[in-house]
């Protein structure tokens, strides 16, 4: 299992070099979720709540086995239950453990204007640092998976940390430890991806799921949580997993390119004015 | 496996930097680990020459010893330094008999033998050579590879459904073998009321697994609490727990390389 | 389970039906997953609902609750028609070749030969083998024809000479699931003359018995041989008929049949399949017969006794298996010894009645292990009454109550409601919630004089007097005195639980009970000692058994469970020598006996439960063993805890080898015959006579007097017939398409109290309702636990989308479910996971209700529920073999609330 | 060459400079050891009381048995050695700590008298005494020695026993012993349903 | 409608004017009464606060420099919408106040066509038709008005993302930033024009008065309206009075 202290790879809204970068090479971590062997037992939900010391909350019945409609600021790990009718009329009950995907190219981090509120470690974990969070919720819109959740009383945003505290100590995330069927595993990205590919192949060859595959969307640079899906061509049916998750173009195009250029152009007005003064001089009241 | 030695060395210096009281001990251990690593490296480089029978491997193993003796003679505590000097004077035969005795009738009280044989046995283990002339009794609580006693116990979580639980780390070859929870690693006591562990918040990932039947203990390194601990080094760093356990009248199953 | 949890990983094919292990046994479900991942095993799930288990299946079929026999019968028909059967296994290890008496009639009209409509009881004398040894096929008319009009001549329902057979055993006591258990209710019922509430006792006279030299035809061609009868019986279960009854479309059924029997294509024996079930099968008025059908299917396919095979009952609770082994039910004594009946005038008569004699072809051998019954019985009485049990007084046989009728769960409430039962002691058993027909149970308690409840949480039973809807005036009229005693939780007690795989595992005390709570065993001992003291002081009715109970515990009012466990294992009362003659050291008086082979019927041993002999020997507590080695890699773990019988992990494992003693599959070697040592050896403990040569042709099913597995269950093994037949649930949306004139199980009778009402489609009750549990909750227990309440906060009713659309109902709206007995209000969960079905041409809806809520609990106390119990709805009607109520598949109607 | 372990032990007990068996100075560590706050935890093997999978669990309890303190449950984990569950637990098992330490637990014997609308507390002795009398009274009133056909039956049909799903084998055996000796026929258990 | 606004403005001008005064020296004209000045500076203060807090969040480069001004990131984020709201409210009054003088006319179109000569200071005085505000000023004003509307519309979704939904927020994010850039450019030009580029202008917003010279130079038409005199004539007279007349050709030579 990958271990070692956490090295930061990217910091939200940070100018200048990243402290300690390059000091230590570290392997990418990855959570493997085999949706095809998940039994939706919610042991991972309990483990998450317990490890992160999250308060109990009253839930209400909502026409589903799902504990609540979506993850919450204090409920980071949620099995999403989806009834899916296949073309041949047969039914599938898809249970997908929803949590932060820890994108390689995290939209939240990209969107975040607060220096250090979101960091990405070299092992791939994207972690929120609430002490730096300014509560602007740009990350909420920046995330293609609808993961960051705002707590209106603390005015901060929270999400799954991939148990960065545990991983930093060389442990697996709490949810992994809890899974009774072994559909959750944790390891290096390479290993988990290989495992997932092998499982997907098994599903294609032996279980009649011709479209079985691994969900590791390249559009966000890959994720550090990967799913084995019965049908990787239609991830939407697993409780709204986007087929092609993209950070909204507003964040990519605008923030990466247009924004700095725009600002430069705007600020160009100052030297123009200055040189106008130098070259044309002031227009004094005449005479 | 040279990496694992390096990991131990790095961990020793990391821990030394953190804890003033234990620093001298860890510094000393770190220096020893360097010597052991080099010894391991030279053995590993000549692994083709090794047979697994120490008697036949003496020539190769012996070559490591003078450096260790010289270093201890120079920097070791007075008594060990004195012994090192005597052994240097004793020449090859003294060294050989020391090694063979440590190999065949192991004891945690033979410092030099243990220090050298750790490198040797570990090299055998990594090269897949089974010890031949070390006919020690087999039991659950000794190393299935070399017959050595356990130095430290390790708790870790299942990475998948096929692992997890507790392991013991061999004091000689430094390999691990699975061992049940709630079982005295010395006398096999299973009665939970006789077993128990002592824990201090100062060492969150360490436990003193004690048995009130045989009044022995060994430390456990709980990798489920600190996954990046290096058990054999963290064991040494938990020295205050040893002193505490001894005060309570428990004896350690196997002293570590620092005699604690 | 004939096999075990871990053993499921060895399978190639799983049929999960009548059970939902992913939800109710999540950690055990890792093993089916393991089989899928590492063996590419296939999983077929058949259930009224698309469950979380179904979500992991390769094939899911939605079945109408209560139509399981039709489905399984259809599989038998398919397997025979496609010749996907285990021929050698059938001939040698089952009674397929045995010839059945002339006069036996198959139930084309829904009735076997010998039915007496006035008493609703069968005369089973024709349900027997023919004597005569080996025969060849003779052109005789088929049994069904010859038997027409033939009834038995014997008037008496004879006590069976034998208890259940392994597979039949499973069925005869579904909660036990195993051959050993067969002795239980089957036996007791047989002893009671097959009687039911109000039934008559057996008449005197020589009962029919199994013939000693059975006629058989190894070519399986004889028209009256079991195989041909079986073939004939299930030939009626065509795919079309299966579709009409179960609602499973023919093409889907054929897909499943093809897949399930694919392990036995051309009779190849290498692969193995397992059947996994739970209370979805037992809780029917023909539950035992469903399980029996499954067992027959497994025998037909040669899957019993093999790693990755078997018929595997998943018990619903931590110690249901143990409670049955230790006779927590009325009809047996520990170790599945039958209860004495009033005709057992003395001990010898009793033993003779309950000891089977071998019945097999003369060339074959039968171990007939139950022939040791007298040793088990005497040792048990010695454990009960110590020195007071002497040969001279018939081992104090008279101390035991003699029974000749049904005293089972539903009968308790019926009799209490009728005012016959004055007092009830309920320890950890929430009878009001469990039902069925909870209202009746509540009203029954009002008629009792006293109730003692031992519990750890406030429960519905102890507060029946303030059940919702009870007015202050009514409360004043309830004269029942109720004691509620705080008991100890699991972590506060030691002792053993027996899991589904028959593992006895010792647990230790972690903490003392909180507050003023006491250990259950202390409370029981203190009550008993108080009663004994009163009898000593004041005398009373027949005080002898009370005064003479052996109570040797160091602290009588605080009996140490370790001492009790040692007593259950058995101890020598005098020096005894090795009964096997193999020269083991003799056992001294006072020492623990090493196993049940050492038990004696001369009063020199005592043993609380012969099945558990070997669990606590002189070598110590075997149930606390923690050996984690698994040399075979088959998941046997022989040194982990202790498994009955004799630490065998897979029962009937002789059947894992071919007749010559070689494993059917060399990669899954459990045991095998070692010619050199002349013994059966292997990775598991042979469930067999270890020195019986293959050439002796001893049958692998040693608990049956035949020595072989019973495809045909002779005589009184079952109340309603030697082969299972599909009958409709008591409340059914249709009449039985097989035989409309005999729709229900002919031997089932409805209860007669004013609160026992039964619904019919004509009365508007036309929706099939089933009840179940959820992963997140455990019965009526975790509603006291905030975490679980958070995960699933409220009760609900699962309703098909189509039905909701018909009603104009949206998910989350409140709905009222009404049965003939009561109403239940909860929110609707509108789902596509239950689809409308075409049952015999009629569009039929099913709905489902999880059972976890009542009127005490976190959500209940906070006023977030309607305070109804799901079992207000269920009917009081029971399986005639196992006496289990029909919680699954009753009729309701729905309206918006 | 061999150094007795005692050497070290005596020195450290005597105070002053403390060295290890090999002569390494541990005086500063010794001081640290004295200041350690150390608690004793006992691990108890148990079996999950819910379903029949029988997941092994380990209950950690704090409390020095030497001091006769009441143990406190501090942690419940799956037993990694257990061959069936291998350390994993389902959501019910994972919240067992809440079952052991639950504020809804019953703590005192209570009685509800005829016609009453509430519970009242009752002492154990009195409760046992009253229950014992009820049992005897009911048994004496309903005991049948011979049935109408004159056969000895020795049964008590006036009282019933309901046993629970989590009762241990040993408890169930005691139930058989006591209840059958009272002549109880209505002896049933969750096992039936 | 216009009448109502006019009446409101008049009332506001009177009321605020009563609390302050405008010192008019010799050769000076009142350009911006107290009310206008108060409004302007209120707008300016909130604008700058919003600008600084906004740009702190806008770009990581500015985040660390600017957030401390407001007590750290979270408070910056908290205050920014309130600053902006302040800006919008005061600016709304300013709009009402200036609705009339800022009205776009054909003269402004003419002015825009000759903007090059304005930028290059080709003529010493503005064309005669330039009234209270020239075309550039009006352009700036209306750009700010437009931006403020965009700000407001895009800012609310960003303030309350839950209520407005994701797409609105995403679009708002871009629009908000574009508006910010437009404002920034305008603001820089405005600063320059109001200070260095046109000496005497700044005073118009501080003391409220301008020299007559300034008026006939930059806003001849207004001069005419305010004084009833011909700006061109007054300019020529002044030029002749001046001992050293400006020599535009000399500047041209320098180029």
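When the chains are written out, they are named A, B, C, D and E in that same order, and each has its own residue count from 1.
FYI, a residue touches a chain if its C-beta (ideal position, glycine included) is under 8 Å from a C-beta of that chain, and two chains touch if they have at least 3 such contacts.
Everything numeric here is computed off the predicted structure, so don't read it as measured data.
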(message) Over the chains that touch one another, what is the least number of steps taking chain B to chain C?
(response) 1
(message) What are the mutual neighbours of chain A and chain B in this structure?
(response) C, D
(request) Sort out for me whether B-D or A-D is joined by the greater number of C-beta contact pairs. (result) B-D
(request) Would you kindly say which chain has the C-alpha centre located farthest from the C-alpha centre of chain C? (result) E
(request) Measure off the straight-line distance from the CA centroid of chain C to the CA centroid of chain E, and report it in whole Å. (result) 90
(message) Can you compute the centre-to-centre distance for chain A and chain E, using the mean CA position of each chain? Integer Å is fine.
(response) 45
(message) Could you work out how far the Cα centre of chain A sits from that of chain C, in whole Å?
(response) 50
(request) Quick one: report the Å distance separating chain C from chain D, using the average Cα coordinate of each chain. (result) 28
(request) Could you check chain E for residues that touch two or more other chains and list them? (result) none
(request) Can you tell me which residues of chain A touch two or more of the remaining chains? (result) 41-43, 45-46, 177, 180, 182
(request) Any chance you could list the residues of chain B touching two or more other chains? (result) 157-158, 161, 180, 182, 192
(request) Please list, in label order, each pair of chains that touches. (result) A-B, A-C, A-D, A-E, B-C, B-D, C-D
(message) With touch defined as at the start, can you tell me which chain A residues reach chain C in the complex?
(response) 36-37, 39-43, 45-46, 49, 56-65, 67, 83, 85, 90-95, 180-183, 199, 202, 206-208
(request) Within their complex, state which residues of chain A touch chain E. (result) 12-15, 113-115, 117, 132-138, 140-141, 150, 155, 248, 250-251, 254, 259-260, 262-263, 265-267, 269-270, 273-274, 276-277, 280-287
(message) Please output the residues of chain B touching chain A within their complex, sorted ascending.
(response) 157-161, 223-229
(request) Give every residue of chain B touching chain C within the complex, in rising order. (result) 161, 178, 180, 182-183, 190, 192
(message) Under the definition above, what is the set of chain A residues touching chain B in their complex?
(response) 1, 3-5, 166, 169-172, 177, 182, 185-187
